[in-house]
Amino acid sequence: MASTDPFLIFLQENASIVFPLLVALGLGLSSFAVGRRSARTLRVMPAWRALPRMLEQAAAQGQPVHLSSGGAGLQGSDSLLALASAEALYQAARLAQGPVILTTSDSTMIPLGYEVLRRAQRARGFAGSMQAGTLRWFPDGPRSLAWAGAASALMSSEYVGANLLVGGFGPELALVSHAAARRGQPLLAASDQLDGQAVAWASADEPLIGEELYFAGAWLHPTPANQAAVVMQDTLRWLLIAALLILAFLAYNSGGAAPA
Amino acid sequence: MASVEQIGLWTSFLLTLMVFSYLLGDNLLYRLAVFVFAGVAAGYSAIVIWDGILIPWLHDTLLVPNATLDQLTLGAAPLLIGLLLLARSWSTRGDGLSRLALALLIGVGTAVALDGAINGTLIPLLFDTGEGVVAGNLDSILLPAGVICTLVYFQYQARRVPEGAGRRRRHVQLLAVLGQGVIVITLGAIYGAAILTSLTIFSERLGFVVQQAQVLLPTPTPTPAPGA
Amino acid sequence: MSDVYGQGAGDDPWPPGGGPPPAWAGDPAATSPLLALLGQLRDRPLNRLSRRLRRLRARSDQLARRDPTAVPNVFVPVPGAEASSAPRRRRRRRLRVGGDRFFLSLVLVSGMLLPFSSVQTRFGESAPTTFNADSPQETLYETLDALSSGDLVLVGMEYGATAAGELDTVATVLLRHILLRRAVPVVVSRYPVTLLRTEQLLTNLGQAGSALATRLERDNALAANADWFVTRFLAGDLAGLRSLSMNLQKQLATDLRGAATGLNIRQPGDFAQILVIAERPEDLRQWAEQIAPLAGSEMLGATGQAAAPLARPWLRVALSGTISGFRDALTYDSLLLQELEVTVGPPSAPRNLRALSLDASIELNWDRPLSNGGSPITAYTIRHLSTPYLDWVEVPLAGSDTNHVLTGLDNGTAYDIQLRARNAEGDGPWSEQITDVPRSVPSQAQALSLTAGDASVEASWSAPDDDGGSALTGYRLRWRRGTDDWRTADTADDVTSFTATGLTNDDVWEFQVRAVNRAGAGDWSAAETATPTAGSQALANAAANSQQAPAVATATPAIFLGTVVTGASELSLHDRADTAGAVLGIVNPGDNVLVLLRNVASTWLFVQTNDGLRGWLPAASLDLGPVDIEDVPQQAAPQPTATPQATPASVAVESPGGTAAQAPADAAPASRPGTILQAAERESSIHIGVALSIVIIALGALGNMGSAALRRGRRD
Amino acid sequence: MMRSFFTMLAVLLALTTALVTLAGLLLERQPVLLAGALATWEPLIREWSATLLQVFSISVAVSIIIGILNLLLVHLRRSGRRETGCGYSFVLFLSAATVIGLTYLERENLLTTGAEWRVLLLEQVQVTVESSLAGLLLFGLVYGAWRVMALRVNGWGSLFVLTVLLVLGAALPLPELAPLVPLRDWLLAVPVNAGARGILLGIALATIVVGARVLIGQDRSLRSGRDE
């Protein structure tokens, strides 16, 4: 990055603190704005549209729903993925009519997972205590094969009716999706890792790609805050595209300055 | 009495076969192997973390002779946070305090993740993609074009059309379709590469099974191609 | 407990066989009627649930109405993709699975097994022996090659057992390269198991006597916390990496087992290079982001093939060189071997110098040095020293033959002999010293005198003047009538008389004797004749003689030299006198072997090779020189399978992994990281796997496209 | 009342920890950020940030131990109650207990066999099963690709399969397939590179948005359950 422009340098160096604060400000404003206007129209997301039906079907057959966040957890780089995936899983747990099995391969997800289950339970209108068996943790590694192996075994031994896997997955997802295909269980999956995402795209009943998993709330539970996040994301995206175009234009005109 | 190594070889040989029995269908042997594995992995994680992290930490803080109050507080904080999170798993009592513990974790995690997303991904990729453009080099122009199409594909907001459906503007849609093509090609290539890797790994396992079978099973020594 | 949620999955809250679906289960139009029938729900708080359910359904319907496909499908519209038909479609798919899956697995497994079976299957070209110019692979190689002695290299081993099948090979070649440059790898990892395995890998790589140790001219093993470091593991994912960058000194102060490493590294810049071997591209990125900028340098990366396309976005950003996958590792390995040959210097000492005494000469054989020092061996020098002389006599030899006959020596004198190799870089060290005594065959036995008896003749003689420098091992006497075939008898070295019996009286019998020592038999003495007659007095002597000297003396095991003569191809050494016997090793035309035994039919010879291997060779393939095959001692009983002194595995010269395959065949290969085992078989197996995958995936796509077209046709 | 107080406190805590950590990370990278009176805060912020990160990573370690406890207890309870699959639960519990038990015995020198049981278990059980499972992925992946067109009978499915086939074909070292190699290389250099960058940039943006939600207390995990 051989940029010499002082503004760009400033932006680069302080972006990690300035940028989120600006976004936070924007987000606050836009959720206020969205709240005052009527709901936003969003493009169709087949996966989020299929989810309620999938859950319903599982419930109708008396089968539990398998939810998983994979390797996402509060371990630093994955923290925000873990929060986003907790949100998506919460939406699913809330809509599910039957029992839910939540699996994870990151232990920091356990408290979040219980929070998700408890909250969903409240939202579904049942108070009372939770049993520990609905949340299962399996040890992790760079690829969580303990999770994948155990989940694939569990999916058949517990007669799972539907699977929603959103979070951090690598190619180990293939083991789980294979098990789902084998037992004819519907599956929705998305991952922030590209190799896991490739497997998810190929094997999920409806495609769900990358960032789409961060915004489940906007489709499944369109509160002003959830919608504002989507608006913010779109805005940022266009800003990014503009920045990219400007940089490309400058580079093109400067005769193609060699990158650093 | 077989030696320990012998038992080990047999164990790994049989476990490999048990896992591969999955190819015949989900079965007891496969599940057994997987659950043994999950248990062993959990045991090792516990030992390694205990030995490698917790014990040194305690020695540096709580167990220091004549520890200061600062050291004691610092040493106890993670344990307290851990306990509060643990409490959260079992009951809703003390919800507020455990929420604070979670907040601390989320706070630090958010910072690290934001730093990573911005300094690790956003800025390097943005500048590298944008500044990589060289006049006259088609590929260097196609690259940012592809990135832009991909980004546009995700565009969420749409216009409401009379039937009530969300529909994106026509030019956005055109870019989005191109972007979808780029994404599908990307995922396909990654998928193909993943197959290649798993082929490599599987070939290693096959070689292992064959070699072990030759060593462990009482078959005559295979004859290498005779010379002359 | 009416709390559905709290029951946990294992409690099976809705046992099959429950009552009919309650009225609130939803109107049949919204869900499939089949599903409604299948719905088996047990009692629960009806009022609350039904309210929520209705609300939910209303919302999902609303969502469904609001948004039909917004991104138009530019290709074929999906028939039957409407939500209402989804369950039916799914059910049909479920039926179609099953058999095909098993069949696919079977095809794939059996195809990939082929190269490992006894059938030698080779498919596809093997990995190239060099990287493309200016490729990231070459950059990586060049960078590591530029390391100098004592440089520290921070190595991040960021992969688990999952990727071991692929990345162990990559790690092996990279670590070996670092160690070969006498640089010091400092290994860190965020995966504890990987640290344990890396420790094992490094231990195996640097064992005493391993190719690496030999090339580094080390007679001891490379040691932990001296030649390499495996430090304590980094906990906490990204935070762990960050704490490494912030706290390098402390983090690297203790090793995997908690012992002090003695490393004192204050900043990442103290490392000459940073190398990350990662399974996930994210790990590469995190290293590039957290460690590389602080080190002020670009880093090197290695990944599996799956991560290779994903490493690309970061390639220009932070990585200078990368390699990926098994094939790159093989190329790297062969490059490493080629490269090695032009750097080190003079060759190492020749090995296994062996001598065979001859008449006034000694035949020497030896093995090539382990290392030719990087350039071909051009010459050898032999030197020898015998007691009358005080100085070594050097005999320069041109060429790279590994045998020579020293001539002009004194029989019976002990010679100390050494040997060294020479290449363009100079002379290597002298080999181990051996001592041998040249000897010739004895001279003629003296004074053969005959005493005729009744149907017998007693022969006696005296020892030869000259024993040829080697103690006599015995005598051979032969006699015949006229031009009949010779009859023979051997006696021990101290028996100088023999009575031949069973002779016909009144015929003239011709007798000759010769002395034998380890170098062979001397010339026959001049012939003497005698005529036995009936009633002669020699009888008594004969009786006594027959007890003393065996008719066929085999007291001394004869050792003869044989030369392999068969054609141009190499010859297998078998474990029994039969071509079906297991092959113990290989001998080449021109090799000299020691002949120890023959089989009863005299068709096979039991020999010892220069490498110390013992086994059977067809007699016809050996030239025994002057020796008669019948002179070779006969195999007494069925010979127990000869135990070779070295296992066949250690005969194999260099595995493609570049290490002499030290592990005996019965070692567990997978648990011994450090060698690229079965490289050729695995390569072919992978290639077959790729080909089969292509076929399977293509067939799957075509089949599914076909059945979709059929469905559409039926609907139209 | 109490609950909303804790919620506010939690949000505030998350916000401050996030900002302090972020500032610390920033200072780490680039020493001079603050000028004038603010400069005195610099060492303090760096220290706080470092402490927070340290506490964070130890808390994560503690939480892994908790996770293992949770796992073992769940499975112990399941095997005690004889639920479906309780056998597997028992196996899991037993293998974890074995590893931990052996480690303890070895450490206390109560094992006299002389073999390193722990290392043996690691190599012959954990590594074996893990790499076998990784080998098994091959079948999941190939079968997944075989099935893609059953799920998506459209242009995108075909494009995906074609890309997979191209990547596989180019990896096959046969002279007949050599023309595929430059095509594959171009694909990886341009569209795949662009697609990967686009998806990663999108995820980075989404991460920032979620992070911003945490900062303004919109994230659900920190709030009590009232706000449904």
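First chain written, first letter: the chains are A, B, C and D, and each begins at residue 1.
Here is the rule we go by: a residue touches a chain if its C-beta (ideal position, glycine included) is under 8 Å from a C-beta of that chain, and two chains touch if they have at least 3 such contacts.
What you are looking at is a predicted structure, and each value in this text was computed from that prediction instead of being measured.
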Look at the interfaces A-B and B-D and say which one is made up of more C-beta pairs in contact.
B-D
Taking mean C-alpha coords per chain and comparing to the overall C-alpha mean, nearest is chain B
Averaging only over C-alpha atoms, locate the centres of chain A and chain B and give their separation in whole Å.
15
How far is the middle of chain B from the middle of chain D, if each middle is the mean of its Cα atoms, in Å?
5
Computed distance of Cα centres, chain C from chain B, in Å:
34
With chain centres defined as C-alpha means, what is the inter-centre distance between chain A and chain C in Å?
48
Counting only residues that touch at least two other chains, what does the list for chain A look like?
16, 19-20, 41-44, 74-78, 80-81, 83, 108, 110-112, 115, 118, 129, 132-133, 135, 138-139, 141, 143, 145-146, 149, 153, 157-158, 171-172, 174, 181-182, 194-195, 197, 199, 201-202, 205, 209-211, 215, 233, 237, 240, 259
Flagged in chain C as touching 2+ other chains are 10, 66-71, 74, 93, 101, 105, 160-165, 193, 235-239, 242, 286, 305-310, 313, 316, 670-671, 689-690, 693
The positions of chain D in contact with two or more other chains are 19, 22, 25-26, 29, 53-54, 56-57, 60-61, 63-64, 66, 68, 70-71, 78, 84-85, 88, 122-124, 126, 128-131, 133-139, 141-145, 147-148, 152, 156, 160-161, 164-165, 168, 171, 188-189, 192-193, 196-197, 199-203, 205, 207-208, 211, 214-215, 219, 221
Considering only which chains touch which, label the overall pattern as line, ring, star, complete or other.
complete
The answer for chain D against chain B in the complex is residues 2-3, 5-7, 9-11, 13-22, 25-26, 29, 51-66, 68-72, 88-89, 91-100, 103, 113, 115, 117, 120-126, 128-139, 141-142, 144-145, 156, 159-168, 171, 186-205, 207-208, 211, 214-215, 219, 221-222, 224
Show me the residue ranges of chain C that touch chain B in the complex, using the header's touch definition.
65-72, 74, 102, 105-106, 109, 112-113, 116-118, 120, 162-166, 192-193, 232-233, 235, 238-239, 242, 258, 285-286, 289, 304-310, 313-314, 316-318, 325-326, 566-567, 569-572, 579, 582-583, 586, 621, 648, 665-666, 668-671, 677-678, 681-682, 685-686, 689-690, 693
Touching chain A in the complex: which residues of chain D?
19, 22-23, 25-26, 29-30, 33, 56, 60, 63-64, 66-68, 70-71, 73-74, 77-78, 84-85, 88, 129-130, 133-134, 136-137, 139-141, 143-145, 147-148, 151-152, 160, 196, 199-203, 205-216, 218-221, 225, 228
So, in the complex, the side of chain A touching chain D is made of residues 13-14, 16-17, 19-21, 23-24, 26-28, 31, 74-76, 80-81, 83-84, 86-87, 90, 107-108, 110-112, 115, 118-119, 122-123, 132-133, 135-139, 141, 143, 145-146, 148-149, 153-154, 157-158, 171-172, 174-175, 177-178, 181, 192, 194, 197, 199, 201-205, 207, 209-211, 214-215, 225, 229, 232-233, 236-237, 240
In their shared complex, at which residues does chain C touch chain D?
10-12, 73-79, 93, 96, 100-101, 104-105, 108, 124-127, 160-165, 193, 196-197, 235-237, 239-240, 242-243, 246, 293, 305, 308-310, 312-313, 670-671, 687, 689-691, 693-694, 696-701, 703-705, 708
